[in-house]
């Protein structure tokens, strides 16, 4: 397995994310419908589609593509998802910008930057039943795997595994922030929409990158 | 779903186009289709007043653009915060070089987007300060007042800040006046039936017929309790029992009262409610300096009512009394 | 039934008490609890303007009492004509010796009660003349226009008559102006869901979900057709197709447009509807001199919309443009 | 059988009418509910109750009582019923005022005056499905009986009979005026509320007067 991929190759991760969001528009809205207002997939698809159009005319590498995606989400979605996922992708872009090729040290830098960016604007933490329940363990497992000396591809696997566990753990949580918190106890027993989209994003990103390391 | 719309995905765009055509004497479009401005903005020598919020609360927010009130408003999707870009463009539209006061409601999305917009405005050298409305009593205990949501009290905050700016206040003075206004304002909402977002097609929460949700928020955020629907007089008592001790308001106070329907409640009922409010305040020796009764801050087609009280002092009183001319509020 | 009321038999009394308390700067009670008057009435040297009608149509009728508009209004039970006595007392409250113009809507009860009130006023030596609004196109063919009901066009009739009186017109001139206004006005209503009278407790007619009733009256009187609910743009086309040929309105005309919600329809949707109206009128070369969009003549909690067009000439235009200050309409 | 009764005795007719309206409040509203807005009994009871209070403090004979009842209905009910029944009873009062005792010639004068008074303010005629469908045949049958030389009591019987037939005939009519006309064809098959109250009024008045003639 290789230990890095080029910015140019890494662009495919962004394209894969956009495709994944298109495919999951209905699924994400359905999940949001149980304890939210049923539009999470619609909101994400709207923003990612606009970003797709922006990117179509550009020959952008991974970092630039992440930055354009992030800025589009900030500029176009509004609500909470615009700033949250907008910052998510802008940070992926800015933390990786000077690096070509991209290795696991850079990836860790990217993930930590995302976490810091989100923690700076949202008080959400694990246990609140939000996308942070997916993101925090995902980032932690990547860092742990790297500290254990694992290869880039294995670190990505650990990241996906941590994210999946965190995502599934939202099922029995009571929502503490956002619309679902209106339901109190009744928000248990259903997965969180933002945690779901975050898992799909981390999974898609991780698996695409693993392909590039083969 | 009995609505008057075309494509549900374009309700906000189309409403804004119709609004601008209907009220060209007060409101003008800007280069950003999600930002409307006062015809005379930016007003030379005056601090700019900006607000913004999700659609579905008409007349809020675009209905309060006007003379001595709001200079520019950022418009979001239904019940969603506007984008950072819209807030930024509203700031630019309102700015005449004296700084801009962004007066908006305490919601997670709005907080994040305003913060991002302020960064961009700072890059342009525009001085921006904010006041975040948090008048909704049921959303958090008084010891955590900073967590409370902003509801109809925002209107009185815009009134005070807008007047201070019109009377020549500096940015710091405008912010202080708006902050004092909202700090002296308390609100509570009572929901009787849910609202339906066109793109979603069904109510976004439920209230059983025969029940009322006391303390409801204006996107349907949970209240303090769900109970059997009470008489209008009893609702008035409960509303004042919630609000009065929270500031507290006391005998001898001078107040502004604002009663707003939530959209579908017949206006006649707002007056039946206000009748008891006025009587109870009078019994307590609280004098009503000015009353606003009507649909001032709604939630699509929700049935229900909100009560807002603001305590006046010698600084706030003339700010409330200054004339205004906007689509949603005209006062001479 | 999700209402904010006390005893359903006293809704009108209590609403009037609350209304007077809330708007003491414009409206005052009289010795008859079912008659409210303008604070400055009777205005010396001016023809008095009187209207009246059933409750449930807020802001109509008491909301149009005010400067350069209505001097006194008689209030009836929900959807019922006021008593002859109330009309008579309203005439007395408005009379300063120059005569009184009673401008009201064409309904059996109102016609009978106004006639009886005029007899009593004549006994007192007060000169009274009337104009009966009949702007609702679907209620009868144009050849029997005198049978048509009066709906939101009444507001423009009050505006014209009120302005003429304020500008010093004689009783005959005021009547002529109000008559010309209503003769040049056409309206149509579209109903989406029925309303509920508190004392009755259930909707007083039905519209199936997914259907709209085109040409509905504002007590639920039958329309031209019940059909599948159309898009806002299609509704706008249908409404203009009904109204334009009936006067007829033609390219080159100057018009006033009034779009009113029927009570429960979110105001946002009124603007979506108006967007298309303005576009279609523009396509036909009809110029919108002034537009009013909002809840101007409602029916409790009915969902729906009404469209009113008035053709202007050089006499009517300044009457529409004159400032007014009332609870339901303020214009500078 | 006697051929007249005193004004003082005739007052009982007015009291009987008020009692009858109280008893039939629910029934009249129920009938009005089928094709109207369900409040006819409420409206009538409200007005008759106010008149009852007015009359309680007065020692009024028949004519004065009818006049007070009529004026109260005009002053207090509004709508269409105020003017219509207000005129009905005011006319009964004014047409009989100078006469004591009251005989069948006076009664005919009273009934014709009522008809004229209503026809002056409402365009309703038999076949429109209103109270006129009861009133017109009731008055006609009284006049016919009197022209045939019948005694007062028999004329009252004919009046009641004509009114009953007219009332029942409203069942299969299509409403032409008022709220029920909104239903068009669907207003058939149900009696009219105003025609019902008019029948009960004519019946109660007729039967009370017959007792006075014994």
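Per-chain numbering from 1; labels A, B, C and D assigned in written order.
To be clear about the criterion, a contact is a pair of C-beta atoms (placed from the backbone, for glycine too) under 8 Å apart; a residue touches a chain by one contact, two chains touch by 3 or more.
Protein identities per chain, from UniProt: A, D = Dihydroxyacetone kinase subunit L; B, C = Dihydroxyacetone kinase subunit DhaK.
Everything numeric here is computed off the predicted structure, so don't read it as measured data.
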item	value
Partner chains shared by chain B and chain C (touch criterion as defined above)	none
Separation of chain A from chain C, taking each centre as the mean of its C-alpha atoms, in whole Å	56
Inter-centroid spacing, chain D versus chain C (mean Cα positions, whole Å)	34
Whole-Å separation of chain centres (CA-atom averages), chain A against chain D	80
Shared interface positions of chain D, touching two or more other chains	none
Residue list for chain B, restricted to those that touch at least two other chains	none
Topology of the chain contact graph, where touching chains are joined (line, ring, star, complete, other)	line
Those chain pairs that satisfy the touch definition	A-B, B-C, C-D
Chain A residues within the chain B interface of the complex	37-39, 42, 74-80, 82-84, 121-122, 177-179, 181-184
Contact set on chain C toward chain B in their complex	1-6, 11, 14-19, 21-23, 55-56, 58-59, 190, 192-193, 207, 209, 212, 229, 231-233, 235, 259, 263-276, 278, 291, 293, 295, 298, 300-301, 303, 305, 325, 330, 332
Complex contact set, residues of chain C against chain D	54, 76-77, 79-86, 108-109, 112-113, 115-116, 197, 199-200, 204-205, 217, 219-222
